[in-house]
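I'd like to ask some things about the structure below.
Per-chain residue numbering starts at 1, and chain names A, B, C and D are given in the order in which the chains are listed.
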Amino acid sequence: MEDKFRDECGIFGIYSKDVDVAQAAFLGLYALQHRGQESAGIVTSRDGEMLHHRGMGLVQQVFDEETLNKLDGEFAIGHVRYSTTGESRIENAQPVVVRYKKGKMAVAHNGNLVNALLLKEELENEGSIFQSTIDSEVIIHLIARSKKTSTREALAEALKRVEGAYSLILMTEDELIGVRDPSAFRPLCIGLLGDSYCLASESCALEQIGAEYIRPVEPNEMVVIDKNGLKSYPLNQPRPISMCIFELIYLSRPDSIVFGKSVYLTRKEFGRLLAREHPVEADLVIPVPDSGIPAAIGYSEESGIPYDMGLLRNHYVGRTFIQPGAFFRSSKVRIKLSPVSEMIKGKRVVIVDDSIVRGTTSKEIVKMLKNAGAKAIHFLISSPPVNYPCFYGIATPTREELLAAIYNNDTDQIRDYLGADSIHYLSMEGLMSAMGKDHSQFCRACFNGEYPVAPIDMIRREALKNC
Amino acid sequence: MEDKFRDECGIFGIYSKDVDVAQAAFLGLYALQHRGQESAGIVTSRDGEMLHHRGMGLVQQVFDEETLNKLDGEFAIGHVRYSTTGESRIENAQPVVVRYKKGKMAVAHNGNLVNALLLKEELENEGSIFQSTIDSEVIIHLIARSKKTSTREALAEALKRVEGAYSLILMTEDELIGVRDPSAFRPLCIGLLGDSYCLASESCALEQIGAEYIRPVEPNEMVVIDKNGLKSYPLNQPRPISMCIFELIYLSRPDSIVFGKSVYLTRKEFGRLLAREHPVEADLVIPVPDSGIPAAIGYSEESGIPYDMGLLRNHYVGRTFIQPGAFFRSSKVRIKLSPVSEMIKGKRVVIVDDSIVRGTTSKEIVKMLKNAGAKAIHFLISSPPVNYPCFYGIATPTREELLAAIYNNDTDQIRDYLGADSIHYLSMEGLMSAMGKDHSQFCRACFNGEYPVAPIDMIRREALKNC
Amino acid sequence: MEDKFRDECGIFGIYSKDVDVAQAAFLGLYALQHRGQESAGIVTSRDGEMLHHRGMGLVQQVFDEETLNKLDGEFAIGHVRYSTTGESRIENAQPVVVRYKKGKMAVAHNGNLVNALLLKEELENEGSIFQSTIDSEVIIHLIARSKKTSTREALAEALKRVEGAYSLILMTEDELIGVRDPSAFRPLCIGLLGDSYCLASESCALEQIGAEYIRPVEPNEMVVIDKNGLKSYPLNQPRPISMCIFELIYLSRPDSIVFGKSVYLTRKEFGRLLAREHPVEADLVIPVPDSGIPAAIGYSEESGIPYDMGLLRNHYVGRTFIQPGAFFRSSKVRIKLSPVSEMIKGKRVVIVDDSIVRGTTSKEIVKMLKNAGAKAIHFLISSPPVNYPCFYGIATPTREELLAAIYNNDTDQIRDYLGADSIHYLSMEGLMSAMGKDHSQFCRACFNGEYPVAPIDMIRREALKNC
Amino acid sequence: MEDKFRDECGIFGIYSKDVDVAQAAFLGLYALQHRGQESAGIVTSRDGEMLHHRGMGLVQQVFDEETLNKLDGEFAIGHVRYSTTGESRIENAQPVVVRYKKGKMAVAHNGNLVNALLLKEELENEGSIFQSTIDSEVIIHLIARSKKTSTREALAEALKRVEGAYSLILMTEDELIGVRDPSAFRPLCIGLLGDSYCLASESCALEQIGAEYIRPVEPNEMVVIDKNGLKSYPLNQPRPISMCIFELIYLSRPDSIVFGKSVYLTRKEFGRLLAREHPVEADLVIPVPDSGIPAAIGYSEESGIPYDMGLLRNHYVGRTFIQPGAFFRSSKVRIKLSPVSEMIKGKRVVIVDDSIVRGTTSKEIVKMLKNAGAKAIHFLISSPPVNYPCFYGIATPTREELLAAIYNNDTDQIRDYLGADSIHYLSMEGLMSAMGKDHSQFCRACFNGEYPVAPIDMIRREALKNC
């Protein structure tokens, strides 16, 4: 629907004796809704009993007051899901809850294991069965088969086997465990509510429940939250850090702090750098709402060209859409966005977006602005051209569908395809300079194809194909 | 809601290259709906791919044309569920579909394993995880862990470990396996449609799809259906046969053949024997609709007292019911059943039902008949007093809730509780005489507490309680 | 769906200071559900304020506890609707509630005015507007335009203008008015609950709320119920009485008293007379459930041939039905009814139904019994052949679709069409003899085409066509 | 929910032989959704037959592809409704469709008649009945009672009787009539699609279907659209023009042209004037999204203080909201809006909104910004304080609930209530100067209580109260 990369999941966890933990999880997931709109679930735990509710749809559709009230407990974890690897069905909704030898356990997972299939085969050979296509089930099997006496150690042992991206929250009957993979691809942060701890994919979920943002869970760190507070354990799997730069470019909510950085201010800085790299003669800077707003404001401030909201977003567009017949050719883009023609007419317009994926929406936006009378349209993108799919927990099209890859990064051809007067991307150097001293700690595989962790399952599949 | 024992499940399976197997399963489940109204599911298989759909509610609510059309295949199994052991949630809906080392497998199960918890603990100790509370998951784990090369042998090995009642249908990627436990508690029969075989809990499901009834799956028998036809294998676990007599008394549909017997004619015979054992001076024999109809007709024929439909059933009563306030005190019984007062007024009435469980409905019926002007009310039951809970796949109340158990089978007290002029049950001898030469092959534990297979899990639980 | 004549509506009204009148109306409509399943509505009134709720579907689907609780009042009227003249849409749901010069008024109507279109044209010419296609709106306009000071007199004046069938209940801000047309086509009766009066289409609705059946509203009578009790007024429009005999044959619920007669006992008497008129050599009498049950029992008693339930009705058949593909050819009839083959095999069967309309269901029943092995099938109908459509509030097919009309009442051809060995209808004389001394007061137009009131609108429409 | 004035309705009409008029109406209503989210309806007309569909909810909830496809025709009118006078129920959904002496007619109406009750009483005295509480029904009755031969003349005659605000579209069997009241309170404009005409409340609906904006329907003008094109007729009811200034301040969509003015540019101008009137020492200008955006940009441009999006809007907030328990005290505002704390911390913030009604949301926003660390908060409003309710088609709280009225326009008290450091409203002179030469043609009653048309029904009601 949207021509964007999409996050796979958002996760949340809390322990508290004082607040209604199911309500906290509900509010937290509400704030993380942008990370997954396909299904939502909450599991609570108290005295060895776990209660759960999961469903397809948005958080507010899956939960009502009655359902929430039933979810009693001192611990809660929650999950919203978009879906990359698994299919879209209720069986794949998370958190997964199981009974195993140590009692009950629930897991919420954000990321993508690159060797899940390999591990599945191995586990199946040892007699395991799989009821879903989600990665969490692999991790749970590894934990269930571990001989370690504590869940914490069993999890650590299990994680030695898995490769790829994972931020996960595991809930047992009396503790909450949060962990990030050694590459630290996906975010996960710690909050404090009163004297109780909570965990969330992004800080906006902490803000929503009134919790204080403490710090990110570190790469390779395991934190254990229980009635005694929070303890930290190292995972001892050193590996270069490769945080997902796209979280800062598009995926995370602008009001979040992610990887220790303000998402909004980072995006604005991208816009400023874009203006320095690509100054344009124009009358007006307008954003593609809402993703292009911070970069457009940054561009305007740096360039001195006035900022205006030349495209409006219709807030009543639902998830389904009746495609009108041939005559109207009115696409979902034309329902969702509309130009303020009186402002655009006769103007040279800089339109700013955070990224272009397939380019279908961008092409329609150019057409819309032309119809509205723009004299010139300069398309400015606050990140480099995306050229490669992601294997670390983001839903991306195949390489064949990526606009930049199709035209081999030739901006003349891309410009012609879009119908714009010019197109400019932020350079990789620009992007990196905005990251400051941490710039080497970010994964840029979707731009340059340099995958920090080998996508093992994919390589095996391709290898088998070519036999 | 209904004051009756309830079947736990109905199952169906078919292989055919000629017919739409999902449609066949749908029609089959429609006919088996009385065996479970809580959830329904169908899984189809073709060329190693399995498709499935499950949902809460009636067969016609769970499936629509679009869903059915998507379920393509040459094999199909289906399941309707009421629920005894597992809780009522989608996770417990069947058939269960899993991936394991030999590929995909789906299982539909009717019955109750008496050692499921024991096996679960054992499996958990070996690293298994459980996502539901249903028995099928135990059997599937046992199969997945077997070293046997064929699924058939792995299943046979698994079944050596389980105790209790099970009629089950297992579907692999290229075969359908049907099996009944050695005690043969629950029914399962074989049908022929064209030259393809199918399996169903009751023959009414075969009739519904136009298949011919062939024979029951035998106790201790495993049948394998694939493109080569049907093959039979012995399970080699000899044990006395203990078929559930309540299938004939109430659970199965009257038009079915179950355990090789016509359900309708058997019930009518119960009614005749009841009349011989308990002749009553009366003007009218009326059934409690619909469960008491065949026995009431049998009673009328044998006694010569005219039969009439003195109680009518409202066909528009749904599953939910708004309880009216104090004034009306109108119960669900009074909405569902209504007396033909003009016929009952001034008459001595024999009212016939198949069984009395808690007695709440029966008590209301007596009141209703009295209000309608009956001069005398004789409550006749075409089976002995139920005194014990079932552990073999029927949902029954605890002993403390059973009317006969409460009053220690004292019919005077039961009569007084109901407010009737007399109450008579068919004797155990009568019941058995209707079974003819097979009478020793029926389980009567709910009447006399003689459980043919020890309820292991329950015994362990009680033992632990008493420590 | 069902191959039967269908009632157009059921109505209910109550005044009480003591009971929850909305609950009473809800229960009353529940009992009248067989008279209309398309929409349902309740209006309550207290101190000049009226509250209402209407919706498409069954009573239990339209109302829930919350909705019912909001409907506060001392007066309530309710309506269930099938639909003959009006289309199926919420605008046509009743009761209709309007504001007019005297305040608020609500009307629930059962029947069909034969001059509604004529009156509509007249009213439109005087400036009236119509928002639905239901007859009640015509009556309401006539009342609103009346110069009479009381609603009662205005209604009486209005009714002088209308022709055809109507049993209606009108609620003003402080009274309930019930009235039946001079021909008395459709039923309406009076009940007493404590010291409050209520009105209902059939006595089963009175029974449902625990009210005592008092008597029918008389032809040409208007009853007014308010805080002072019940008063009766003559309408002074003498006309021969023509009560609808089909209410007794099929439409009303068997436990009702309608037109002062027990429906069940009347139907049983039809069966006895049928046996006397048409004795048959047979082994078994079976009813088409549920409509043929009382007559089948009557036939069995009179003939001495044993009665049995050879056809069973599936209680889980919903309103929608997925038509299986070509192979199964399984119709809704085959899902809904199933034969007890073990009982039918090799027998000569008398199958009894109350009426045959198009014959489609009957034909499938014969086929089903043959497949079940019946040696001979005699189709016995406890009423004469239906030959003409009804204009007085029953939904009937056109003459071209009526089986008897198609074959010109030639029973040999009808028998061949059905595939039965013989077919016999109760004669008109038989039917009339069961009515006793009142036999001349029944409308038999659907059998003999002798319409007691000229269908004016239809005649005008045909006249216009032929110009 | 939202603390804003709300438009009562949006209307749309189209005639075309070439395009799917129901689709056009659907798209048009989609664009007008902000004018009413309670119910939606479309009526089409062809050859004397009208088809319609109405329902509660958003346009996309009320219509699906199947429903739209059924609405065949050459004419269509559509309506979205919020509701001021009428209650919220399906009976009050528009367009209203009726049969009257000249055939069928459908009416969609935006506005509020100030003498509707007076006319209703008069009409009721002449025998009219009313089934809803909406004003359209009054106009329809007047038309139906008119002796004029053409609908156009009958409508003109009817409109001579009504007082107040109305933009309405009437559809007969072969024409579309659009009309605005002489005061021209509510907008209505004409578009051209190919060579067919259409009508819409705002130009954004024309843009959505690809139609060209032609001009507003003039005050006191009636336009008739049929197969011969568009004809204009004067209504001859001269009266001072009083267009609703709130359409420009908040109600209309920013990309619309309304009363001939660009809404977006007008709002930006309000912001500029606000900056000139109320310069503030600050670091940041942020809007309350989305209503405050254009004025905030205008303020920023004029003042030179940088603009930023310091408050973000959650796009996943649905219409219902589970109120969390006491601990979280998280209101709908806190779910919907969230601050970018990293940007606000330590800053002096100008927050701009278009208007303050009750002040509840504004108060929460101030609190939110304070929690985010703002050093100073200046609340700037781009319109004068609202002090009076509207009687011309806008849903407004009573005077007692309006923040400015409560504090008698004392900005010190308002500031203290909000907890801000200062509050400034645009002056009436500023507002008027932005209107340019037309400034005398705008209704400002909600600010100054000078009602251009006497609210007759209200006055009568008050008069009766005081007797």
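Just so we're on the same page, contacts are C-beta pairs under 8 Å (C-beta built on N, C-alpha and C of every residue); 3 or more make two chains touch, one makes a residue touch a chain.
These numbers come from a predicted model, not from an experiment.
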item	value
Same-residue or different-residue interface between subunit A and subunit B, half as cut-off	same
Chain whose average C-alpha position is farthest from subunit A's own	C
Chain centre separation in whole Å, for subunit D relative to subunit A (CA means)	38
Centre distance in Å when subunit A and subunit C are each reduced to the mean of their C-alpha atoms	61
Interchain centroid distance [CA atoms averaged], subunit C/subunit D, Å	49
For subunit A, residues contacting two or more additional chains	none
Pairwise touch network: line, ring, star, complete, or other	ring
Subunit C residues touching subunit B - in the complex, by the definition given at the top	18-20, 23-24, 26-27, 30-31, 33-34, 37, 58-61, 63-65, 68, 204, 207-210, 253-255, 257, 262, 264-265, 268, 290, 293-294, 297, 301, 306-309, 312-318, 320-322, 324-325, 327-328, 330, 334-335, 338-343
Subunit B residues within the subunit A interface of the complex	90, 96-101, 120-121, 124-131, 140-141, 144-146
